[in-house]
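What follows are several structures.
Both complexes below contain subunit A, partnered by subunit B and then by subunit C.
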Partner chain A sequence: MTTTAERAPAPPGRLLRFWRRNGAGYLFVLPSMVFFVLFMFLPLGWSFVISFQQFGLAQSAWVGLDNYTSLLNDPVFRQAALNTALYSVLTVAVWVLVAMVLATLIHPLPPRFRTFFRAAYYLPAVTSAVFIALVWRWILNANPWGLANWVLSLFGAGPAGFISDPSPFLGANVALWSVILSSMLTIPAVGVVLYSAALSGIPRDLYEAAESEGAGAFAKFRHITVPLLKPITLYVAVIYTIAAFEVFERVYVMTGGGPGYATNTIVYLIWRTGFRFGEYGLASAEAFLLFLVIATISVLQFRALRSDVEY
Partner chain B sequence: MKEHGRIARVLVVAASLVLAACSGGGATPAGTGAASSAPGGTGAGGYQGPLDWWHLGYAPGGATATSKLVDDAVAAYEKKHAGIDITVTGIPFSDEGLARLDTAIAAGNGPDIFRIASDRLPGYGAQGVLSPIDEHLTTDDKADILPNLLEGVAYNGQHLAWPQWVPPIGYYVNNAVLEKAGATIPTATWTVADFVKLAQDVSGEGTFGFATYMGAASVNDLTLLYAQGATVLSADNKTYTLNSEAGAKGLQVMVDLFKAGAMPPDSATIKLADVEQGFIDGRFAIMPNGSGSITNLKSKGVKFTVLPPPIGDAGKPITVGGMGTYAVPKKSDTARMAAAHALGRYLTSAEVAADVPGWYLAPGTRKSIKVSATTPEMAPFEEMLPNVQFMPLIEKWAQVDAAIHPEVQLALSGQKPAKQALDDAGAKITPLLGK
Partner chain C sequence: MSPDPRGETHVAAPTSSGASVRSPREVDVAVPADVLPPVGGVGDESGRPLRRRQALAILAILVPVAIVALFPFYWMVTTALTPSSAAIRVPPSLVPLDASAENLAELFRQAPVLLWAFNSLLIAVAIMVCHVVFDSMAGYAFAKKRFPGRGLMFLLIVSSLMIPVQVTLVPRFILISRLGLDDNLLGVILPSIADVFGIFLMRQFIRTLPAELEEAARVDGANEWQVFWRVIMPLSRPAVATVAIFSFVGAWNAFLWPLIVLSKRELLTLPVGVALLQQEFSSNIGLQMAGAAVGAVPMILLFLFFQRHFLDGVRVGGVKG
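For the complex of A and B:
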């Protein structure tokens, strides 16, 4: 007797299996990806291309690396780069530190107060950046009616130029230091909220164990809180670095890049080169130099702060 | 987290392209032929159909005084030209708004006509995107438009736009501030020395004798340099000349006033609107500004006198200014383009002044227009017209401008001598002129 074994149906191809398992998910993200490609990826790619062109709206010409070399030889661009670097280093350091300390201070409070402070500290994030800059322009105005100068006058001092004075001061200039100060004194809203959320995830028994061994508040902060917040510190540092390097509206509103070139920043120059001069090729080259700097710093931050331990 | 600057820029450009594409789509000519607008005609020829007019700062529904004037002009023109349907689109009065305009014109989706300052014309001229007015200029037009003002729109031998008005920079004197200080209002023949003395005399206790905007695109601060006989560039626009002895002398006048406390301490970074507000508040006694300030000052009840800039070594009251124009982008539909030129002629004529009272916010470019007949405060500006010097019509003017003002600010702040500041500006400008 002979039997014929029934042939099992052929297994579906790998692609089909993949589609059956993940297709729905990809369909859900498709609209977002389409918009990303259309409005982010393609324009970015196109701007990279035109950074090698003398780009005109009617006609363009390839200029190789001319845009990049002319920027690197331009003293105005170099000063803007230095201004941006100084602004970023100082503001990011202060923002991260202030956010962490504020979050640590409000964490032990009763829930009602904690919620209040979180909301209060988040206000700057939902307030127009232009409005905040306008307020700072008034505070630091060189006239006696500027708030800072009014306070100085109470002590028989001032008036000081603050944002109108390009005089050299501590390696930079008065106006730039004033802009940096105004940023430092603006509460880092997002950082406070992120650190607050992260603090809730630190096991309470770690603190209790430390207390049983006689650790004080600062020791607990230094040896438990700070290390366990490392992953969020990395994230906060990276997003604040990107934001700091892209500072624009504060400079635009408070000083217009002046006096002289004292408060020029890279993004301010990108805006000026693109929209005022109509030199889109050169503006794109400026944007990509900035991109390279931010990417490099982000990689370094990841290397320095990455943590292989998940808590 | 705030949106990143790069993303914002990309979105702005993308949005401008989308909006530009949308705005031009509905225009379908019902024209009767290319020859419909012969030179000498005053109407829209045989063209019937839509015309797209882009206007900086326009808000629909007469939301602002200027917008109301535009709406009235549209209504008057459409009434006279049956079949013409004008759609006005407002674009922001900013560099971003202008970038949107540039993008749309380059993409061929631009308006049929738009208002633009004359210093932007060379950029369009170099790209060849504008339809010159030459073949639409009638004999009457040529006789009516002041010759030196018609040359203010010339580029490479072609006249690129319809010249509408010239807002020269005048010196506004706050009568109340002078009265309070016991000073007399000067006459139109005042000298730089008179100006300096007056500014110093009225300064004190929160009042400053002189305030001017000296940021991007300003010509206000250059009046004192021009008064001494300086110009930014040579007559052929090939050589930088602002660092002349006359230029340095004019800048030194401002530097000395600042040092003497006759200018506000934030002069280097003060905004244009803040200068005008300070004048209104009585904190500033004298400010250089265009005729556009008249409406605002009058509405705020400020008593003021307008004078030409003080006379310096130039020997006569020299002032500077730009020109407001109407330009017509090139299009394949010649009938529609001719209709746009006809609208351009109307919007820069005495006819529109009769149809729309208050249309001219600055002295017109035609002999037939007397703005001072309806706005007496405009008379001093009209008298300045023969002595107006325009900023050079060159493609790289924005870059030249951006090299001058930071150096003026540095000189004012005492960071470098006036001559060195102007020399340093020249070091940046000279390579631009060679390109």
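For the complex of A and C:
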């Protein structure tokens, strides 16, 4: 049937045949393509352009690299970047570890228990971060009736200021550590699910062979589970790193970036610069720096995955 | 074979026939699987049955962790049920004393909560329907149609995963404002009418459907749209259910974009409205927790109620493997 189509002589006829053969395909992807161009790729490029402008609704002035240089010299931006980095490194490390351990522990249980724990651990993932953060704000409030302060008092300590205390602590400040702590105590639901799926793919005879050589539970975990899960670990680490770099709700609800700038993060800063102060150019520059970091991480991930074909 | 690097991949999910260790290539499409909680018993190989002592040792770790995971919800509901005067007691009570619906009543008096819930529902349903229709259309085309540029377009869509949504906020907002849609529910809906996850999942599923079904429908005189809508869509029900439920939950929980677009009090969604309450009534913790509970409980119920569809979602991934 295609041979007749290829022999089509006149151009209009050929166009018509091309359309008959392929038109449906184009029409089916059209809405999605329009969407991705209009709301993803166009804004990406536009954002890049705006980041070199002093943007005004009536007219914009080109300012070259001014937005970027003022950002890099701005202590507020630098603190936000450092806060974001610390928050990301620590929460991601804990999340990945917790997810792997939990999935490994759930795996050998009878099906009914497995279903229960996976559901229980998944529950926070179906709830808006706003609501979870509101509860954490309440738990970590500075008053003696705050739950966290009550726990401290059981050990004869406190009361602590937690999210409202900007005083220096372990290289950062108490408020930031409190936000980080609240994140760490949130179960990495997606990671547990991904690891669970990956674990069911590990052949059982590997473990049996190890057992016949007298390997204990920890040795099996260390020498079989962890290495075989390496690809999924990379993947989980990357999605969590990206999620952590984009932390917003938690900061918005728990601290509003404060006290002062103690818990500012990049995305919170983008929102504030752009939509509180209307400085679109500066906000775009901030966003673009974030994009560069995230894109770099993604590229490194693909590299790592490609060079990791061992099995 | 599609030219893109992700062409021959599977939706990562446990398969019923003991699958081999997943290759790195499969891993990078585990995106869909992260929203498909595996269901106990589906294709899991747990090895030898546990001895009682081992099982108890494992439970001794998992149960406390589950308590930590669920505690914020418990504390949310407990505080919501505790009258404000009793909530600031030292030491705090871990069970709701003098439980009452006082905070809930106050919440409905102070804020247009039902309106917020309605706005959230409207936005979530609209986005869900758009995702189901547009993602499926694109997924179908990428799975079954051959047309020049197909591979490139698919690569483009997948690569948009690398664009953090924050980078697009300012231009999106300018765009939406120029369309006159700021402070309008449509302005929230429009920038989320399709998504990568849905397109990916639908493509993976539709690929597995035998071509004969479409051929048969065409022989019977069905046009392209009828083939898609009357043949492909009904057969893809499990994948559609997965896309629908995750789109709905995601849209209901969305915060940053609605926060930017919406400002009139009666147009807010539940997450934005409840976050606003926290600023307006910063000392009334009972009210805040009541608001959080009203926003969170519907999704929790949905999750518990639709576990069967989550299960179907896993089977969707399992078909190919």
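Note that the second predicted complex is superposed on the first by the 263 of 311 C-alpha atoms of A that agree within 3 Å, B and C clash if a C-alpha of one lies under 4 Å from a C-alpha of the other, contacts with A are read in each partner's own complex, and residues count from 1 in each chain.
We take it that a contact is a pair of C-beta atoms (placed from the backbone, for glycine too) under 8 Å apart; a residue touches a chain by one contact, two chains touch by 3 or more.
What you are looking at is a predicted structure, and each value in this text was computed from that prediction instead of being measured.
**Student:** Specify the outcome, clash or fit, for subunit B and subunit C once both structures are aligned onto subunit A.
**Tutor:** Here the two partners, once superposed via subunit A, clash with each other.
**Student:** Just to be sure I read the superposition right, which of the two partners does A:Pro166 touch: subunit B = first, subunit C = second, or both, or neither?
**Tutor:** In the superposition, A:Pro166 contacts subunit B only.
**Student:** Quick check on the superposed pair: does A:Gln59 touch subunit B, subunit C, both, or neither? Answer first, second, both or neither.
**Tutor:** Touch status of A:Gln59: first partner only.
**Student:** Which partner does A:Ile239 reach: the first (subunit B), the second (subunit C), both, or neither?
**Tutor:** both
**Student:** Applying the touch criterion given at the start, work out whether A:Ser196 contacts subunit B, subunit C, both or neither, answering first, second, both or neither.
**Tutor:** A:Ser196 contacts subunit C only, not subunit B.
**Student:** Could you look at A:Pro188 and tell me whether it touches subunit B, subunit C, both or neither (first, second, both, neither)?
**Tutor:** neither
**Student:** Tell me the contact category for A:Tyr207 with respect to subunit B and subunit C: first, second, both or neither.
**Tutor:** Second partner only.
**Student:** In the superposed model, which partner reaches more residues of subunit A, subunit B or subunit C?
**Tutor:** With both complexes superposed on chain A, more residues of subunit A are touched by C.
**Student:** Output check: A:Met40 vs subunit B and subunit C. Expected answer is one of first, second, both, neither. What do you get?
**Tutor:** both
**Student:** Which subunit A residues contact subunit B in one complex and subunit C in the other?
**Tutor:** 39-40, 43-44, 47, 129, 143-144, 190, 239, 242, 246, 248, 267, 270-271, 274-275, 287, 290-291
**Student:** Taking the complex as given, what residues does subunit B use to touch subunit A?
**Tutor:** 1-2, 4-7, 9-11, 13-14, 95-96, 98-99, 102-103, 105-107, 123, 127-129, 206, 215-216, 264-269, 271, 398-399, 402, 405-407, 409-410, 412-413, 415, 428
**Student:** Within their complex, state which residues of subunit A touch subunit C.
**Tutor:** Residue positions touching the partner: 21-22, 24-29, 31-33, 35-36, 38-44, 46-47, 50, 102, 105-115, 117-124, 126-132, 134-139, 143-147, 150, 153, 185-187, 190, 193-194, 196-204, 207-208, 217, 228, 231-232, 234-235, 239, 242, 245-246, 248-249, 252-253, 267, 270-271, 274-275, 280, 283-284, 287-288, 290-291, 294-295, 298, 301-302, 305-306, 308-309, 311.
**Student:** Per the contact definition, I'd like the list of subunit C residues that touch subunit A in the complex.
**Tutor:** Residues 12-15, 18-25, 27-28, 30, 33-41, 43-47, 50, 54-55, 58-59, 61-62, 65-66, 68-70, 72-73, 75-76, 79, 87-92, 133-135, 137-138, 140-142, 145-148, 150, 153, 156-157, 160-175, 190-191, 193-194, 199, 224, 228, 249, 252-256, 259-260, 270-272, 274-275, 278, 285, 288-289, 291-293, 295-296, 299-300, 302-304, 307 of subunit C touch subunit A in their complex.
**Student:** Using the touch rule from the top, collect the residues of subunit A that touch subunit B in their complex.
**Tutor:** Touch list, subunit A to subunit B: 39-40, 43-44, 47, 56-59, 76, 125, 129, 141-144, 159, 161, 163-167, 175, 190, 239, 242-243, 246, 248, 254-261, 267, 270-272, 274-278, 287, 290-291.
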